[in-house]
Amino acid sequence: MSILQSLIKKEALHVFRDRRTMVITLLMPVLLLLLFGFAISTEVNNVNVVAVVDRHTDETREIIERFSVNPYITFKGVTDNSNADNLLRTGTTDAVVVLKTSNGRLSTQIIVDASNTTVAQASTAYIRGIISGSDMMSPVLTQTLYNPQLKSAYNFVPGIMGMIFILICAIMTSVSIVSEKENGTMDLLLVSPVRPGTVILVKLIPYFILSCTILAVMLIISYTVLELPLSSSIINVILLSIIYIILSLSIGLLVSTVVDTQLTALIVSAVVFMLPVIMLSGMIFPIDNMPVVLQWLSCIIPARWYTAAMRKLMIQQLEINYVLQEISILLSMTGLLLLFALKKFNTRK
Amino acid sequence: MENNNPAISVRDLTKKFGNFTAVDHISFDVGKGEIFGFLGANGAGKTTAMRMLCGLSFPTSGQGQVAGYDIVSQSEDIKRHIGYMSQKFSLYGELTVIENLRLFSSIYGMNRQSFRHASSRLLEELEMTDMQNALVKDIPVGWKQKLAFLSATIHSPEIVFLDEPTGGVDPVTRRKFWELIYKASSDGMTVFVTTHYLDEAEYCNRVSIMVDGHINALDAPAALKQRYNVSSMDEVFRIVAKDSTRSD
Amino acid sequence: MNKAIEISEVSKSYGYIHALDRVNFTVEQGELFGLIGPDGAGKSSLYRIIATLSAPDSGTATVNGMDVVRDYRKLRKRIGYMPEKFSLYQDMTVAENMAFFSSLFGVSAKENYDLIAPIFSQLEKFPDRMAGALSGGMKQKLALSCALIHRPEVLLLDEPTTGVDAVSRSEFWDMLATLREKGITILVSTSYMDEATRCERIAMINNGRILAVDTPSALINRLDENLYNAVATDMFGLLSRLRSNPDVIDCYTFGATLHVVGNDNFSAGQVEEALKKTGMEDVRIYHATGTIEDLFIKQIRDGK
């Protein structure tokens, strides 16, 4: 058996023998995807709406008709002003549409339960769309492209993938390398004739394969269960993800060269890389709404560029030349990180 | 040395892990103020036996009293009346000398006043008053060892358990440490000590040698040497431990 | 022929700590050489340098004529290193560990089997046991087998006997003697002074400095001191009384007796008589043969 083969076999043994970690690693992405895709829903789905109408006209009847047939809205009926407030308070309804007709002109008001702001914003926009569908006088016409029901899965899939790969690649790689340092086995590898570069490469390969498996699983779930639109852009999606996986592996490698215990590796990877990914990548909070300083800061978060590019590729189905900026940024980040990590690893203390 | 109430009294103490009998019906007494050497080959069951005596693990069968408390039903009382020092875990390097002592004294439930009293007396005795505010990681190994012993005995326990307290320590420091043990013993403290240095076995009042879970020899060093007709404890140990069948 | 190991003026600091301070010694081809000193003396730092894992701040170290910094790649095939801590893969079996380490060096476990056979034979009974589940002595044998599998010219053993009982330690030294007969140069470190006599030559090290290098018997001969044994029932009382005697340079416990280092005025007979008069009737003071441990204590005393 060649040195490379036996090194890879050994690495595979470590990964497979650690069943618990293995199961968590494979299950976590699936669970996270399904959790964000369905349970933690920010999309307009089953929004309860009541209407308050002071005078029924053809116009109001038409609007109410549209509400009742819309599949994403549950129209609970018409009520009066005083009761509407009560229904909102008790949570029986999520939104109240007030339709007033004075001098033959219809004015509308939308009252929303904003205890969940994201849902409130989304449903307001959607309700406005339904109303304006009839209101020819309305000066603004909103048309939501690519994701007309504002399905949250569309939004979250790129973000979750950005997070998962950092988690698997950065944390698991750094912990696995550092555990060899802690056990003293790294010294034995280094005093053998195997080149340090080979040792490192081989530590990265199993996690690269693992990440590719996870990528496949996540894409399958996204395109089937979560019903993301499938098109030829999937090749670009895979390409982009592989670049990002390599980048995350380099982060893990860099972490492992600067810390000495598994615990520190875990904490550093989690605090320095996980939190910014969640907070600053645009996964949850839109980057455009952040203070300028945080916007600058988000530029150095790889997940920001990955998420942005993935949205363009997966959801907007754009051609690859629309994400060239993101790809080149990610590539140069990878190069820089790898350079640092290998340089640090080779120095003898 | 022994009186009517031994500090440790053990009868048929046994501990099984599945089919494996780590400690097999051991019986012995340790008198008050005695220095008792607990020797044995690796894997003979010393650590398991010691854990039972310290109330950290329950015996499968047999009985025993430590400091007058039952090792099964009163293990929490035992913990309050013993001190424990091991080579592996002893002190917090990021705390100062006095902070370490304060920590251990509070673990053992000492109040502030008796701590202040005990610590200033002991630090003076060990000539460590000057370095009480130094970080433990910065002090020389010999002092660390003294301090670890001090931490284990600050609450004046009746018995102190020392698990390989002198491993890897230079010969001068090792001897100074044994003088500490002598001092504690002459003040009435019972000392239960394990070691791989067989010259240290000579310093004990009595020595037991464990082989494969049994105590195969138990007597004063001089008597053991006489019985096996050899001149050192090293030779006694070789003769007694030679029959070990456990793969080690 | 080149020296097996040549250390010259090697210094190494970690921050403010001088781990090694201008260390010099040479190990001849095929020698069983001991590095004797307590924990923290600098033994492991020196091993890391010789094993090509770390570079000295100043000075040079060569193994079989090859520089540990410049020629480290060539050297790595020729040395076998067993670190202080058990450093094998605990989640891999005995057989897997062996196979892995032999493939690292591009050899098959079979071709050098004759070398490891005496050590490995006991482990062969359970090739599928996880290394982590082995007993201490067995782990040590596996680690030694893995360090030997590529038939190194120089074997570096860092504290192989720490925490091991006296009988197993003795067996381990027997194994080293066998390996030495096969022509392998062995550098072994220990904190047990009594193991020094199992080496052909030793270097005594403390606080990063080499105190002395020679054969154990020559070193003991250097101990040109008035060394006596002293015994009495009340050893602790005897110790403090002897220490207060102005003619006693040092007095310390030594197994069943006390060792007394006297100055030129010290007379064993007179001191014994004087002690008997003060009530220590069973005191006996008689001539003692020095050991490496006595020498170590003397070196530390003189160093102060």
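In order of appearance the chains are A, B and C, and numbering begins at 1 in each one.
In this text, contacts are C-beta pairs under 8 Å (C-beta built on N, C-alpha and C of every residue); 3 or more make two chains touch, one makes a residue touch a chain.
Values in this document were obtained by computation on a predicted structure and should not be read as measured data.
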Count of contact steps on the shortest path from chain A to chain B: 2
Pair of chains joined by more contacts [C-beta pairs], A-C or B-C: B-C
Whole-Å separation of chain centres (CA-atom averages), chain A against chain C: 58
Chain B and chain C: spacing of chain centres that average the CA atoms, whole Å: 26
Residues of chain C touching chain A in the complex: 48, 51-55, 73, 76-77, 79, 81, 83-92, 96, 99-101, 103-106, 146
Residues of chain A that touch chain C when the two form their complex: 1-3, 5-7, 9-10, 13-14, 17-18, 183-185, 187-194, 348-349
Touching residues (chain side chain C, partner chain B) in the complex: 37-41, 122, 135-138, 159, 162-170, 191-194, 206, 235-236, 239, 252-256, 293, 296-297, 300-301
Chain C-facing residues of chain B, complex: 40-44, 141, 164, 167-173, 175, 178-179, 182, 186, 196-199, 202-203, 221-222, 225, 232-234, 237-238, 241-242, 244, 246-248
